[in-house]
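Attaching a single structure in structure tokens format; questions to follow.
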Amino acid sequence: MMDLQAILDGIHAELLPRLGEGKVADYIPELAKVDPRQFGMAIVTVDGQVHSVGDAQAPFSIQSISKVFMLTLALGKVGEQLWTRVGREPSGSAFNSIVQLEHEAGIPRNPFINAGAIAISDVVLSGHAPREAIGELLRFVRYLSDDEAVTIDEKVARSETQTGFRNFALANFMRSYGNLDHPVEHVLGVYFHQCALSMNCQQLAKAGLYLAARGTNPLTGHSVVSPKRARRINALMLTCGHYDGSGDFAYHVGLPGKSGVGGGIMAVAPGIASIAVWSPGLNKVGNSQLGAVALEMLAARTGWSVFGD
Amino acid sequence: MMDLQAILDGIHAELLPRLGEGKVADYIPELAKVDPRQFGMAIVTVDGQVHSVGDAQAPFSIQSISKVFMLTLALGKVGEQLWTRVGREPSGSAFNSIVQLEHEAGIPRNPFINAGAIAISDVVLSGHAPREAIGELLRFVRYLSDDEAVTIDEKVARSETQTGFRNFALANFMRSYGNLDHPVEHVLGVYFHQCALSMNCQQLAKAGLYLAARGTNPLTGHSVVSPKRARRINALMLTCGHYDGSGDFAYHVGLPGKSGVGGGIMAVAPGIASIAVWSPGLNKVGNSQLGAVALEMLAARTGWSVFGD
Amino acid sequence: MMDLQAILDGIHAELLPRLGEGKVADYIPELAKVDPRQFGMAIVTVDGQVHSVGDAQAPFSIQSISKVFMLTLALGKVGEQLWTRVGREPSGSAFNSIVQLEHEAGIPRNPFINAGAIAISDVVLSGHAPREAIGELLRFVRYLSDDEAVTIDEKVARSETQTGFRNFALANFMRSYGNLDHPVEHVLGVYFHQCALSMNCQQLAKAGLYLAARGTNPLTGHSVVSPKRARRINALMLTCGHYDGSGDFAYHVGLPGKSGVGGGIMAVAPGIASIAVWSPGLNKVGNSQLGAVALEMLAARTGWSVFGD
Amino acid sequence: MMDLQAILDGIHAELLPRLGEGKVADYIPELAKVDPRQFGMAIVTVDGQVHSVGDAQAPFSIQSISKVFMLTLALGKVGEQLWTRVGREPSGSAFNSIVQLEHEAGIPRNPFINAGAIAISDVVLSGHAPREAIGELLRFVRYLSDDEAVTIDEKVARSETQTGFRNFALANFMRSYGNLDHPVEHVLGVYFHQCALSMNCQQLAKAGLYLAARGTNPLTGHSVVSPKRARRINALMLTCGHYDGSGDFAYHVGLPGKSGVGGGIMAVAPGIASIAVWSPGLNKVGNSQLGAVALEMLAARTGWSVFGD
């Protein structure tokens, strides 16, 4: 038996001198205020162990990590038909690039780049008012994490709404190709609120546990998706979960994962555990710098890489 | 214990009515002559079982699958320094696209698109005559597969040399950015010969076994790479091994793999087995259509997906 | 002395059997209703002759031709400083492409593609309410054409506002790069109204006369721009006035000109005359098909090409 | 009557303090050796005046200016059919970009970017040996300039052959799309030799005179092309003659022209004169910096801009 708590403590100790590395996202004013010297990490195993270290109880803006939960919701609504609206391939470009959309007639490359997540928001809306869709997502994430304390940070949502011109561009562009069914403002209302989900590492690790456990959260017994769908979401996270740094993350860490510009990363060791890490400083492709380092250490010390021990 | 032979037989039987699906590569004249109604598959497990079905003894042109062996050789020569010459990210474009090279100053996105493999050929040359580098690769692949019968099909190599204008364009383009050290003709001499490696499914499955077994072939005891490097090569295969169909392959199959336009795919179930499949008809992104289907069946029936069972 | 009226009549007669060629713009619902079998043409010479033929009195939506007048206004406001906000090079892509904007950090290639005209609208706004800027443009065009009957078609403006998602995408995209100072809705309010200017060929030919006459309308004596600026606007029309068909128009016609998707083209024979032609059917790059043919005939028969007689 | 010699002298005097501005092309080793402080200019009018100043007798490498003569030859061979092989639109990208070729299936945007000129070389070859095609071009340019002293600088041709990897890439890329009929080495043999034409300003101005004079050199009476074709070549020079600086040149100078990385520019005032200027320092889009300034001065002082006086 591995002593996971000791491993987490060791990683934390080694990273302490490096806290503050990377650059906090500054294009969302509300995120720019976060203290970069924070670090938290939590592991929840499929057999129910919970370990954490550092600022694992501090809530942060999960940002794009929410795209995993939205994808799960959308697949639940429309199933594999979803893939007529969005692709499943790595984009080979930045998270907010619009070039690919023009070359491929308004179909985003995958659900984890901004354009893809906006299309997914449109699917989740499916005729409802934005408020209802946002409520549905919040209830879903609380159900996944089994924690009613998960909230949406309205200040962050407002901040993104006021400055998210690039996302307005992406949404209008897709609308011009007929790849949005609802008004742009409604779709982005949903999109900006999902990005503003506020969670701590422990909540996040719990929320992702279904992906490590054949689609069913073993702590709560909640069945979320089929084993096949869990595998497929993991596959998408591995190939597309870190924007144009997905290849690098797979190379160094070897776990399916999804990052957010708030500095969080959720990762999955299939059959074993769900992991969440948070450190606000980002590397140059927009993923948590120390978060990725911590996960690389974890994978090396546990042998959890999906690519071999 | 799973009965792997029964699983292979079942897959073969199910696919028999579909033989001939897809389109044989026709841009290389010598490949266009291949009968599309062939299908072979072989599995070699880390504990020494060998199973095969169909045309598993028929040699075929492994084409881009050779890029895995060349990458292994290049990493052996220059180590992680290699990544100054070539990237590790999915390309988001066709296997022979040149657009990305212009946007990124002559550095190919990864070792498995043509441009990347040409840069790797340049590294493997490292001052030698092309003939020597080709000889080294052939010895290496024979060593990996423990089979002296592996050959290079000179007719295929010649056919590619005569028609490979696109590869000449890629090589000259990289040369113009200073990302090739040797004359284009020498580099492509190596490149075209590696593509012309002729192997059967059984040889290929054996040759890839080191990637499933922490870097050491358990059948021969040959140590090829460190466990860490084996994981990393697997990660690259998963994110980049199927050109612009890598995401789709991960989604449906969930195993690291590398395809070739000859219709072969080599796949790895880390810790478990190495698999080779061959069927010449290609899908529209250039990967074996039935080969991918067969691997999806195999992964589903064995639970070998790296993303969960 | 050439008999210009006879030349116009001859062109009209020759084109009569071809009326209806091309495809009426259908992405703006209000424009899709226009009868494609219309054709009008007018010439106003610098020495005061006015000739016209066909539907030269029928008002039509001048659409992008208005970009010439807006450019003139913007240069009047900020002078050559304008070129920090927009380039002066042909775009090599479609009128509504967004790809170039991403590659060049939000600076549109020239004032005559949509993105460029949107940036120009932002300059013309310069702190005013949209209504004021629209009023200013309308007064300016009435002044240029010396005709108070020029109007803005509110139905067309509304139609574009409701369906112009692509323009909303372009504007938001530029805003994200800091290349718009005013709210997107205000800027596009101005933009959509300029496109909805309704004029007939005779009004339009008069309005463009300053460009043929060293910057001053010889009929009214109104000084609009300096001779140097008139030349420069002509140069921009020649290199960029027909989107990705500018080279072709220069090749066949040889006059500076600006087209609109309403089927109008305004052309300038420097030192000689201003010409307007209208026929709603568009060719595949979005310029009036018969309008371009008529101008090619005119240039051939008059020897007015700027590239030699 | 203007005193053209006084105008040339004035321009020369004003530019003397600026000699050496810009950056000599260094990617062709032989060109990198040229002294940047040289400046020459010559005007030949359609009524036979010849004026020159500075280093107007010093031969220099005309490089891409030769593309005008090759285009003239190719149009003579295959007429308007040529335009199935090459486009007539500005490229919106660098002279040696390959991106556009991939997006447009191997058809270069215009005859004046490198790819276009390589396709034109293939047309001029038309079954001949490279040596014959080169001989034909040399005879043609001597005929145009009425000067047997025009030569090809073999050292420059060799220098380009040895380092022109980018051009090898472009040629092979077009070959892969079937847009070259002859072996790449033959086509580039012709291409590199045309670029290596060595002429002085006076020879060059004379050689271009047919374009100013309805297709016939008035000094020699040599009929070269029809008036219509002369106009069309002028149109192509105006829209595409300065790579991605064509719009800027039209804006500032207002004359059809063609530049070369040797620092030369040939310009045409239709109906009036042909002009050649040379100064080796290039601006950042690869056109002679002082050459463009000198032509802007000339156009301003003579009123020769095609866009009005």
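Order as written gives the chain letters A, B, C and D; numbering starts at 1 within each chain.
The rule we apply is simple: contacts are C-beta pairs under 8 Å (C-beta built on N, C-alpha and C of every residue); 3 or more make two chains touch, one makes a residue touch a chain.
In UniProt terms, the chains line up like this: A, B, C, D = Glutaminase.
Bear in mind the structure is a predicted one, so any value in this text is a computation, not a measurement.
Trainee: When you check each chain against chain A (Glutaminase) and chain C (Glutaminase), which touch both of them?
Mentor: Intersection of chain A (Glutaminase) and chain C (Glutaminase) contact lists gives nothing.
Trainee: Taking CA centroids for every chain, report which one is farthest away from chain D (Glutaminase).
Mentor: Of all chains, A has its centre farthest from that of chain D (Glutaminase).
Trainee: Whole-Å distance, chain A (Glutaminase) centre to chain B (Glutaminase) centre, using C-alpha means?
Mentor: The answer is 32 Å.
Trainee: Please work out the Cα centroid separation of chain B (Glutaminase) and chain D (Glutaminase), and write it as a whole number of Å.
Mentor: Inter-chain centre distance comes to 47 Å.
Trainee: Quick one: report the Å distance separating chain A (Glutaminase) from chain D (Glutaminase), using the average Cα coordinate of each chain.
Mentor: Each chain reduced to its C-alpha mean, chain A (Glutaminase) and chain D (Glutaminase) end up 55 Å apart.
Trainee: What parts of chain A (Glutaminase), by residue number, touch at least two of the other chains?
Mentor: In chain A (Glutaminase), no residue touches two or more other chains.
Trainee: Got a list of which chains touch which?
Mentor: A-B, A-C, B-D, C-D
Trainee: For the complex, which residues does chain A (Glutaminase) have touching chain C (Glutaminase)?
Mentor: 97-99, 101-103, 165-166, 168-173, 175-176, 184
Trainee: Please give the residue numbers of chain C (Glutaminase) that touch chain D (Glutaminase) in the complex, ascending.
Mentor: It is residues 87-93, 100, 109-110, 211-212, 214, 227-228, 230-232, 234-236, 238-240, 244-248, 250-251, 254, 256, 270-271, 300, 305-309 of chain C (Glutaminase) that touch chain D (Glutaminase).
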